[in-house]
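Per-chain numbering from 1; labels A, B, C and D assigned in written order.
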Amino acid sequence: MTAKIKEFPGISLSEQDFIDGKILYNFDKLNGQYAWDTGIGIGSYLASLKNGVILGSHCKTCRKVVVPPRIICEWCYRPMDEFVPLKDTGIVNTFSLCYVTWDMKRIKEPEIPAVINIDGASPLHGIMHMLGEVDPKEIKVGMRVQAVWKPADERQGSINDILYFKPIEEQSHDTPES
Amino acid sequence: MTLLNRDPNAPEAWLGELPVTNRYTFGLAGEKFFRTLKDEGRILGTHCSHCDQTYVPATVFCERCLAKLDEWVDVGTSGEIDTFTLLYVNLDGSFREKPEIIAFVRFADGGLVHRLGGVEIDHVEIGMVVQAVFKPASERIGSILDIDYFKPV
Amino acid sequence: MHERVAIVGIGCTGFRSITPEQSYKEMVYEAAMRAYNDAGVDPRRDVESFVTVAEDFHEGTSIFDEYTPDQLGGALKPVQTITGDGLHGIATAYMLIRTGQFDIVAVEGHSKASNIKTLPEVTAYAQDPILNRPLKLNSHFIAGMEMNRYLFESGSTPEHCAAVVVKNKFNALKNPFAPYGADITIDDVLSGPVLSWPLGVREAAEHADGAIVMVLASEDKASSLTDKPIWILGSGWCNDSPSLEYRDWAHAIYTAEAAQMAYRQAGINNPLEAIDIVEVDDIYAYKELQALEALGFCREGEAGILTVEGFTSPDSGLPVNVSGGSLGMGNLLDANGLARAYEIVLQLRGEAGPRQVEDVNIGLAQSWRGVPTTSGAVLILAN
Amino acid sequence: MGMRKVAVVGAGMTKFVRRAQETAKELTWEAAHMALESCELTMDDIDGVCFGTAPDAFDGVHYNGEYVSDGAGAWRKPYMRSYVGGGTGVFVPIQGWYHIASGLFDVVMVVAEEKMSSYYPHAQAAFMTIFDHTTERPLKPNLLWIFAMEMNRYMTTYGISKADIAQVAVQHKRNAANHPCALLGDANITLDDVLKSEVLAWPVQRYDVSPVSDGAVAVILAAEHVAKRITDKPVWIEGVGWHLDTTFWTNRDLAYPRYVEYAARMAYDMAGITEPNKEIHIAEPYDPFDYKALHHLEGLLLADRGKAPELYSNGTASLTGNMPICPSGGLLGVGNPIAAAGLMKIAELFWQFRGEAGARQVPGRPRHGLAQAWGDLMQVGTVVIMGR
């Protein structure tokens, strides 16, 4: 049928068409303000971050430590049995060098998001955060890193209480898969 | 339900927003409907001969049979109040002393939702004929607000 | 194909105006645990598919389906999200089981309305962005206009609508899940502040938080899981014109059509005769009257009179919203229909405690998605 | 009683464009209207309507499924909108499938639409709102991040090079040159063009990514007894599958999409397919990024782990190969109006099996084809297997 149809619908506009007033349009902006209840798991995670601790939780059945903490294990559906304070070190699971911001503005120095497997959590369990104090060319999967915290009096109970993770000297014994 | 206790210092809620900003094109029907409203002060509908429906505001498709509509009709600028309400709340949920009078003004098988003006609240009733009061041509931009309000004929 | 499908487990957190101690995930988990326990199933082992109902802007998250699986026990399983009411969710689970591909399916819906700080503005973002939103109107105006036209055409009165509020809030006093029960009079309702005339503030349901989970099963599984399966006799849903400009302002045609679909499946010709108990949408009081007429329980204009006469009270001809409805239990956003169905299941099981209605065998739940939608659904259940 | 058989009997689509003038409703209607005409049905023949669109933020309307419903033909019909993020486009025909397979419906209209350009100034910004509001959104994440990180993990784990991956973009964009609705078809694009394109989020470069687009696609599904009356060339839905992995995407290995494998196994089981790499003759894996096509081919068990690039380098994936991959041109070439892009793959298989794909027509008599989509936080796989 694509072979038979000559003209498919769909009128393509350029940005210039809007500027030139060639077509009619309007704008709107949602005023969407939320206060999401943090609950037991994430509330405790945020409270720990304020104290400079990354919190996980432990599932007795699956013998796993997960991060961020939750009150149930999604794999066995049993209640998690305890919160576990984790180290603020870990290894880079993967990363990117990003030259555009979230709203697609071009930047010179890349943002370096990474998934960091947190020490004390089960293998391949980590969080997303940023890398800093590092030459982008030097970053490798498997590299060891440590959280750089905001000063205690500036911490608010937020994932941004960690400024970023920076490389640490200590040699990794982990393989990237671990 | 849970074996874990919430940290007593846990923040109750995390505050944030859903950043949604949009630009809407008026589309195939809207382009002609609002150009005509703006430039000529006329209200247009489209007719579906299959379903014998005249849609106001105009649409390029019949919602009943999905036929393409290209029979445009001028439906005048006055219509009957099909229903109305006295709205005592603002967009943000706050209450207002004096209500806004909002009506659905029937044109053919459709109509327009708009404000009523030039009328006492007690005098508004279903079935009343009202007419579009247009903004001056120079102030019209191609918008439903090119009609200032509807007033009794 | 599995012809017959039953509800075999239900779970609910109860409803409150705020729930600061739980995240939405933890709230859903609580309801899910109760439902799985009620059904005697392990979600990881037994539940084969999961259906959730949610709207992005109610959650403050885009593609919210991302956040649905874990608390339901659905991780790495067939999970889907419907942007519909809870009854659409049940209809989906019903279809999934009827295909023969699935034996046990869970349905989830919840509300964290208290977390939406700008709910009126969020709701207004559902209006047509070109034709309606530039007027910057609170969406209650749609209910006000609809009520006005409904009263005009049906001959119902504001007193009739107020009687719905009085009944439902009184019923809610016997429902421990319902936060908005009250013993008030028609005068109390009518003398309250005006929301969007003729609609009064006291005729609009306040919002509440809460979660509901249900477990559905094929006939074979249902019989082995429970002594009290609640069978789905019919499931219908329908939309009307979404635009304010082309719709019928007086009638809930979507509800009438959804009911016809459900009645056809259930083989019901005379609903008043066949159905023993009803839970209908009452986000706004007039909607209960409009729904009862659309469902064919009476002619247009009669529902109000029947309500004033007490015909829809718990111990009368057709008990309607014995739970307290949304006016008593709260508006639960996308979970409203699940709350309606939940009460019907309790009643048909004989587990409704002090508000148990006697001799009920067939019940009907109906829902509407709220302004500005024209989306309704109907579910017919039997014990 | 056995399972009811369901066929695709009609299809329609709009062009995929960067900024459409049509409203979301109008785009939806154009596709639905064309699908009806393609099989000479009217709305009276349609029992129910299924609709798919990804986040409401794009079209910029809360309850977007309700707003767009008239364009999809939902007027006084049973109507539902489903979504599983980016997987929606291949999920919505699954939704149509279970409507019919349940026995409640005979003929269902299935429509998917996305108007990403309504999000202003840039659709990418809307993606920040897919991240967890408390634990991730404060980092101001960019959608490119997670793709780039997943791509990096995939490359690192299996030792795959950028050039291995870039050949996907080259082939898909070349295929798309023959698609009349394509936004980024290019018959002359080279590996070098891709490898030298602007770096967005290393390892992701400009030509590794499908473009933000507007568009709509519709297909009509019918139960067996009706399908045979509507057309002498129904294309059967032989298997469907979908799986959603845990939300906690930083708690699992990104190198392999196990949720795609689970979804595929579900679909293969239903279709009675035991050796997918031999029995699937056309594959339309989801390719919003070039590496994703490879990643998905492995999850679909059409290639061994880390070996998917070989399908492209040895010619298997080409239009005349043993298993042509994305003959449509995929998202990389035709465009990526999220939900519509997935359904485009279903429409492509429909046209391919009917011999109506024009210059994209694959030779011979393929028996089974597969379309797959993916989405959410690298989390969901949706799979449909079709055949004649």
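In the analysis below, contacts are C-beta pairs under 8 Å (C-beta built on N, C-alpha and C of every residue); 3 or more make two chains touch, one makes a residue touch a chain.
The structure presented is a predicted model; accordingly, all values stated were derived computationally and were not measured.
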{"item": "Intersection of contact partners for chain B and chain C", "value": "A, D"}
{"item": "Between A-B and A-C, the pair joined by more C-beta contacts", "value": "A-B"}
{"item": "Separation of mean Cα positions, chain D and chain B [Å, integer]", "value": "35"}
{"item": "Inter-centroid spacing, chain B versus chain A (mean Cα positions, whole Å)", "value": "41"}
{"item": "Separation of chain C from chain D, taking each centre as the mean of its C-alpha atoms, in whole Å", "value": "33"}
{"item": "Overlap residues in chain C, where contacts from two or more other chains coincide", "value": "20-21, 26, 29, 57, 60-62, 69-70, 75, 115, 118, 121-122, 125, 129-130, 134, 241, 243, 246"}
{"item": "Numbers and ranges of chain A residues touching at least 2 other chains", "value": "11, 13, 23, 26-28, 30-43, 46, 70-72, 74"}
{"item": "Junction residues of chain B, two or more chains touched", "value": "1-2, 6, 12-14, 16-28, 30-31, 63, 92, 143"}
{"item": "Interface residues, chain A side, partner chain B - complex", "value": "11, 13, 18, 23-44, 46-48, 50, 57, 69, 71-72, 79-83, 157"}
{"item": "Footprint of chain A on chain D - complex, ascending", "value": "11, 13-22, 27, 30, 34, 38, 60, 62, 120-122, 124-125, 127-128, 133-136, 138-142, 144-145, 148-150, 152-153, 156-157, 179-181, 199-204, 214-215, 246, 248, 250-254, 351, 354, 356-361"}
{"item": "Residues of chain D touching chain B in the complex", "value": "19-23, 25-26, 29, 32-33, 36, 42-43, 57, 60, 70-71, 73, 75-76, 117-121, 125-126, 128-129, 133-134, 137-138"}
{"item": "Complex contacts: residues of chain D adjacent to chain C", "value": "1-4, 23, 54-57, 60-70, 74-86, 91, 95, 97-99, 101-104, 126-127, 129-130, 132-133, 241-248, 258-259, 262-263, 266, 270, 375-377, 379-380"}
{"item": "Chain D-facing residues of chain B, complex", "value": "14, 16, 18-31, 60-61, 63-68"}
